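Several structures are given next for inspection.
Shared chain: chain A. Partners: chain B in the first complex, chain C in the second.
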Partner chain A sequence: MKRFDLIVIGTGLAGLTAARTAIGMGAKVLIVGRGMGALTLFGNTVDLLGEIPPETEMAEGITHWIAAHPEHPYARTGWEGIESAVAAFRELFPPPYPFAAPGRGNSLLPTGAGTMRPTWLTPITMAAGAAMTPAETLIVGFRGFKDFQGDTVSLHLKCRGVILPLPRYGLEGLTAPALARLMDETSFRERLGESIRQQMAGERFIGLPAILGLRDPAAVLKTLETITGARVFEIPMLPPSIPGTRIFHRFREELIAKGATFRMGHPVSGAIIKDGRCEGINIDNPPLVAEYRADRFILATGRFMGGGLWAEMDRIIEPVFDIPVFQPGERGNWFGERFFDPEAHPIHRAGVVTDADLRPVDAAGRVVLANVRAAGSILAHHQAIEEKSREGIDIATGFLAAKRALAS
Partner chain B sequence: MDLQTEVVIIGGGATGTGIARDLALRGIPSLLVEKGDFTSGASGRNQGLLHSGGRYAVNDPDAARECITENRILRRIAPHCIEPTDGLFVSLPEDGPEYRADFIRACGAAGIDTLPLSPREALSMEPRLNPRIIGAVQVPDGAIDPFTLVVENARDAESRGARMLIHTEVTDLIRDGLRIAGVRVRDRITAEAFAIAATWVINATGAWANHILRMAGLQIGLALSKGSMLITNTRLSERVLNRCHPPSSGDIIVPNDTVSILGTTSLRAEDPEHYEVTPEEVTFLVDELSRMIPDLKGERFTRAYAGVRPLLQLEETGDDRSISRGFALIDHGSCSGPAGLVTITGGKLMTYRLMAEKTVDFICERMGLHVPCSTHVQRLPGAGQGHTLKDRLLRLRRQTPSAKGEILCDCELVPREAVDAILREGKVRELQDILHRTRLAKGTCQGGFCVYRLLGLLNERHKADHRGGSNLILKAFLEERWKGIRPVLWGTSLKEEELIESIYKGLFNLTPAEPGRPGGGEA
Partner chain C sequence: MTKEEKPGPLTKLPDVCVRCATCMTACPVSRVTPRFPGPKQAGPGAQRFRSAAEASVDDWIELCTGCRLCDTVCPAGVPISEMNMMAKAKYLDERGRTFRDWLLVRSDLFGEMAARYSKIVNPLMKKKAVRWLLDALLRIDRRRALPAYEYPTFRRWFRTRQAPEGGGPEVAYFYGCFTNTNETDVGKAAVEIMEAHGLTVVVPPQRCCGIPRLGVGDLHGAREMGRRNVDSLLKTVRGLDIVFSSTSCGLMLRHEYGPLLHLPGAEELALRLFDICEYLLRLREEGKPAATFQPIPMKAAYFAPCHLRSLDIGLPALELLRLVPGLDVSMIEAECCGLGGLYGFKKEKFAIAEEIGKDLAEAVARMKPDIILTDCEGCRMQIRHLTGLRVLHPVQLLRDALERRGTA
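Let's look at the complex of A and B:
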């Protein structure tokens, strides 16, 4: 039997942040996850709160917003909590691949549907997207790469667009990870840069799908910008997400280097509960079930997609600890009549309710398990999809959960 | 642009296209108008069951005989639309052995072959069946693809000279004294209005029959019955599974290619255009069908849908299931209405060909023509083609011998070339038309990924309607998709839905139509 100071369940951005924070405080940490998490599907930029208008300074905007949303996870962390957690995140990404906020408030970045989308921190490979103007931008899609439809993007952004055949390979049906690995090869990206240059008509910006390499995206960016003489930016597209995968790999590399134990690919099959505390968890690793013990636990298993919440036909449950879940009413009321209802669907408010310390509580407000904390999107009373707050909630609550867990 | 023809057919369902084909085979010119696309009504919203007639054998022997006759004809003329799965009528303890004995007897009388099976035999054939069954009877049920059936009827009719106008709505009937002399129509996409002069107008609009008749101040007794169905993500059984008891709600499971369709309910509907599948119906279907397949609750459901049956209501009764599923051919001229107007309604998909035959027999008789029907022997054009998953994969390999085979829809393996071929034919006018003619958006993700790709292709071909851009079409598609998905959102399908919402509302920041949301939406 192995014993840890802290076990983090979940390898998404919340779990990774919690594990890294705890490692930084000298704890012996185990992080377990079933898969790579929503981070590798949707992680592109760091959103804090999309509804803050671009002209409003972020600290001020969020501080006001929190006052009006006292049940939101941000009310647990406050702006200070968000700020210090995001600062710690940025430390993990030094140049040449830094994350920065292009403005004092939200910036608008183009998407794979040709819409503009508000966000806070962008990786260096997306930064120029915030500065582009339609008349000066060329959108480049690749023939056979179906998860980025260049003509849809250029049509809606009112830019010029081209669809290029990819050099060297008969590449129809290529996936984003395969394309990103090809971009890691110098000769490939040089040839691609050259064929883009031949299509240019004086544009100062070039938008490409977000596939500019997994290993060294800054080098890919530099090659393309040198050859084309324009500023190049990545555009987020259908999952999986290459920029999100970069974030995942960076965290994992850091955690392993600092001595965390990483267990991936196996679900948590049960918890050992005694006297209102969790003593350990079982991890399914057929034909064995391994038992891991720790003093503290952080539950960062995400929502329905990640398996943190599960919807039966009549109620929503939390499968690992069977923690009480805030319910969105009867099944007929979980979702609005229209997909694009003006209000977020009621089910998105469901989740785990906690005390100020991020410990899950029941309907009467009593702490359920004294040494278990919850972090990330599993928390109740946020609407991460509509709010554009996914990464902010993950980073801020993951950070806070680890701090509070180790302080206890 | 005014048109002229011998017979105008209103309605592009199985009956209407069946009539067009029958007329064409007998050399009579016709023009079919359909306000949506083919199969927009009940023909595209049924359980896809090729009835053996067993379901009606005990209560309605005439309907049973009609079914088994048409069953044999359809297997001959449209083998590519049919999977000859066979079906089991399964007796649970509560269904009792008496009904089973009556059932076998009644099937015999109607000419339906039966093979009684012991519980052990039935369970070895269909392992997911409830182990408590007391017996089963095998009958020649099957699965039928109504989309292909209807589109092929239309295609064959067209190749023999019939004309088809889809997205064309009848706005009025043209009167000429005591006769109906044609229809006024409006193109629903271009809003162009024009007239079609004809000797005969056939109202083959199913549940919409009274909408057309009202234009002539007429009405027939028609009850509308909503039937709701659920689609599972996997195929639950090899054969059609029926409960061996008097026909009721929630007692049939029909395999359909790689999935199964569970049905149905029967609830009175007021309007054939506006209805939805309620959470109560979904719970009912899952609970009721769990009696036949006990582990059904753990299944992933991909979609719910409903269709509206037009039931002839010649006299008032309590239960819609006891109203005859038979059809009626009404010559309004001979019952104090205007001449030249015929309504064919009631009936069911199984009898579409027979309904067409009777209608055209009537027209021929009035025209003094003596040309016999041949739709029971003339095979549909694609009859040589298989349509199982294996056949589709083989065709795919033939169509795309090189590396050019970009797959737009990963769930159902629809290649880009299949869409290009449809675009080249030039008959599709909106997104849903393309979706009707391919298996795009019919798989697990219900178009969550492939419709984005399809619209990219249309933008590349400049086929998308650029007023407001293709994202408006995308949003309209997601709303349409939502109607089917929302009723089944729990378990695994809810996980998928979070993924789809994360893409379109999160990543792509598509917002409700209202403009002015800060920072959001369309550039």
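Let's look at the complex of A and C:
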């Protein structure tokens, strides 16, 4: 049976970051995912902490914020930890499809709900969204493409909007992956660019749903900008996220090229625990159960969507290692009155509490499993949705967990 | 080993699906045609409205190729492809299957005969008039080259050859129909590479695994094929491991005989079934006698077939190929070749298979490899058709790289 230096459980951004960091340090890595992770659900931009106002410089804002939130995952990494982890992330995306911060603090980007949302890094295909002004922007939707309601977006953003038929018959009802694939085709995007140009009335910005190609989005952007003479930007929309899929594919390509073993599609069904350490995990692929052994483990299974946390009738559990979970109180109090309460629903405070080394601890602060670390949104004491810190937590703690694991 | 029963999410129910649409990023069919609504709608979406008592209305269910990629990305563990398979079976049970489908899934029956008379059959299958007739009468697309038959068959070659002085541990080989009558060199290479690893190869009695019948939703027929194989192969595994070189046969034997077809004895069989590269890699990791390879200075592109991804054993062929000095091997970044077994031979589905294959062909064109390697016979046929390049099973290249003197 194969023995690994490190097994990463979870194929979301935290797990992928941990695996890549470890591979970069020369480790023999297995990464396993029950599915593809949450990058297709979010993963459009890299949020660090959308909550702090755009005029605040990011390093300063987060440093202050950490001081006021000593339990937060960022308190484990510090600003320096976030900075180096994000720098490593950016190295994975060299030009022509780089990620960059449009400002010194948060930038506001338009969303598929027609709101402006704060974020830190954007891919090049979204960068112009941070500079748009309503009067100079044309929002383009596609007839029959249900996942992006162009008229709602333009109405809310107070921009002019058009809904275009797609430049090929019979395409109505197409999905985001199908559209993105068509955009990779030069002739298709040239015709689309031409039909957009004919609709323009002097606009300097054009907003489109985030479907500008899967393989070569920078080339799609260039074609559209050349034809229209305007700056073009993608607007994040409903899942599945094409920009998130690009991130996933890039990580997977890199991990396999550098020799990581990549398993996806079956859940970890149990762990082999001995003397306070994890010796191995079982992966359930009926009718077989495969066993894998390693010296170290990183748990990056996310929260409820991916099954990292699981709600029983009266408490929240962690199903892989049965690690103690910080509980959000009585079940009756798990949820607030209104879905969009500005305050996080108490259930979102649940998660795994760790020591400074990201090793899960029990209520008394004792390390539960000496060679297991946790990373990403499964960690307790953050409110990724309300704070807008999801990708930052994933990247910073995934990076730190791998560094600390391999240093041990 | 401790395999504790941990509480976890429910499976098998369509309501387990949270509509996250991650599967839409993986489906090769819905990405190229709006005629198939994709795994989310066709699987759990439509499942909620299906009733055993009512006639099927979902005629598009036939367009699912059964690649199972949706299963590998689903974060909720929904058995999407199984739902599609059951729906397809019901639909075709009600509508009836064509004579073409009846014929194609029985290629194992006439394969031996066709191989025997391959000198007559092969030129005949290339004749325009014959292809036109097959196209017009049976709707087997005339643009798709039919695989040539080879004689002597693998089975005959194995029986009549001068076996080398053995003495090493025995291992059984499941070669599959295509290797037997259409690509005998894959079988010869498999035998040679195993012998070079100090193994003595035996070939147990075996029949078509039955996966072509699953492709047309013929569960009853697939179960019949499976039952005969299990009866024969169980005798073998009560002493020996069995390796397979076709990832589709392997997936069928290992994971469909039990969980889908509920064949008695399937689990016992699955425990001792291995992909050939997985098996060789394991021998090497356990420090057992292993072959050494001589340099093959060549640029190779490796493609991971859908059913290998579904087996979820990592990429053992790629790991082995990396041991060949001088071989510069990288992954083809594409999701599916498009053939879908018999799917791509059918006139009404040919265009879909071609469109899916286009992405792979373009990825290959960017890589400019000297040779392409992939574990599945269907992928090899399709990639030859798409690229015109030399396409081999990884074991064929490994056999070519054998350095006899280094063999332990």
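Definition applied: the second predicted complex is superposed on the first by the 407 of 408 C-alpha atoms of A that agree within 3 Å, B and C clash if a C-alpha of one lies under 4 Å from a C-alpha of the other, contacts with A are read in each partner's own complex, and residues count from 1 in each chain.
Here is the rule we use: a contact is a pair of C-beta atoms (placed from the backbone, for glycine too) under 8 Å apart; a residue touches a chain by one contact, two chains touch by 3 or more.
Bear in mind the structure is a predicted one, so any value in this text is a computation, not a measurement.
**Student:** Aligned on chain A, chain B and chain C: do they clash or fit?
**Tutor:** fit
**Student:** First (chain B), second (chain C), both or neither: which does A:Asp362 touch?
**Tutor:** Touch partners of A:Asp362: none, neither chain B nor chain C.
**Student:** So in the superposed three-chain picture, is A:Glu60 touching just chain B, just chain C, both, or none of them (first/second/both/neither)?
**Tutor:** In the superposition, A:Glu60 contacts neither chain B nor chain C.
**Student:** Touching A:Glu80 in the superposition: chain B (first), chain C (second), both, neither?
**Tutor:** So A:Glu80 meets neither chain B nor chain C here.
**Student:** Touching A:Trp334, do we find chain B (first), chain C (second), both, or neither?
**Tutor:** Touch partner of A:Trp334: chain B, not chain C.
**Student:** Is A:Leu41 contacted by the first partner chain B, the second partner chain C, both or neither?
**Tutor:** both
**Student:** For A:Glu194, decide between first (touching chain B), second (touching chain C), both and neither.
**Tutor:** Neither partner.
**Student:** Touching A:Met313, do we find chain B (first), chain C (second), both, or neither?
**Tutor:** first
**Student:** Which partner does A:Met305 contact after superposing on A: first (chain B), second (chain C), both, neither?
**Tutor:** both
**Student:** Return first, second, both or neither, reflecting whether A:Glu91 touches chain B, chain C, both chains, or no partner chain.
**Tutor:** In the superposition, A:Glu91 contacts neither chain B nor chain C.
**Student:** Once the two structures are placed together by chain A, how many degrees is the angle at chain A between chain B and chain C, based on Cα centres and rounded to a multiple of 10?
**Tutor:** 90
**Student:** For the superposed model, what is the least distance in angstrom between any CA atom of chain B and any CA atom of chain C?
**Tutor:** 5
**Student:** In the superposed view, which residues of chain A touch chain B and also chain C?
**Tutor:** Touching chain B and chain C on chain A: residues 38, 41, 170, 172-173, 238-239, 305, 307, 310, 312.
**Student:** Touching chain A in the complex: which residues of chain B?
**Tutor:** Going by the criterion above, the answer is residues 278-280, 283, 286, 297, 402-408, 449, 452-453, 455-457, 459-460, 466, 469-471, 474-475, 478-479, 481-482, 486, 489-491, 494-495, 497-499, 501-514, 518-523.
**Student:** Could you please specify the touching residues of chain A with respect to chain B in the complex?
**Tutor:** 38, 41-42, 44, 50-54, 106, 108, 110-118, 141, 144, 146-147, 149-152, 155-158, 163, 170, 172-173, 236, 238-239, 303-305, 307, 310-313, 330-332, 334-335, 337-342, 345, 347, 384-386, 388, 390
**Student:** Across the complex, what residues on chain A touch chain C?
**Tutor:** 1-2, 30, 34-38, 40-41, 170-178, 181, 238-240, 245, 249, 253, 256-257, 259, 261-267, 269-270, 272-273, 282-283, 285-291, 305-307, 310, 312, 317, 319-320, 322
**Student:** In the complex formed with chain A, which residues of chain C make contact?
**Tutor:** On the chain C side, the touching residues are 1-4, 6-9, 18, 20-22, 24-27, 30-32, 34, 38, 71-77, 254-255, 258-259, 266-267, 270-271, 282, 285, 309-315, 318, 322, 330-331, 333, 359.
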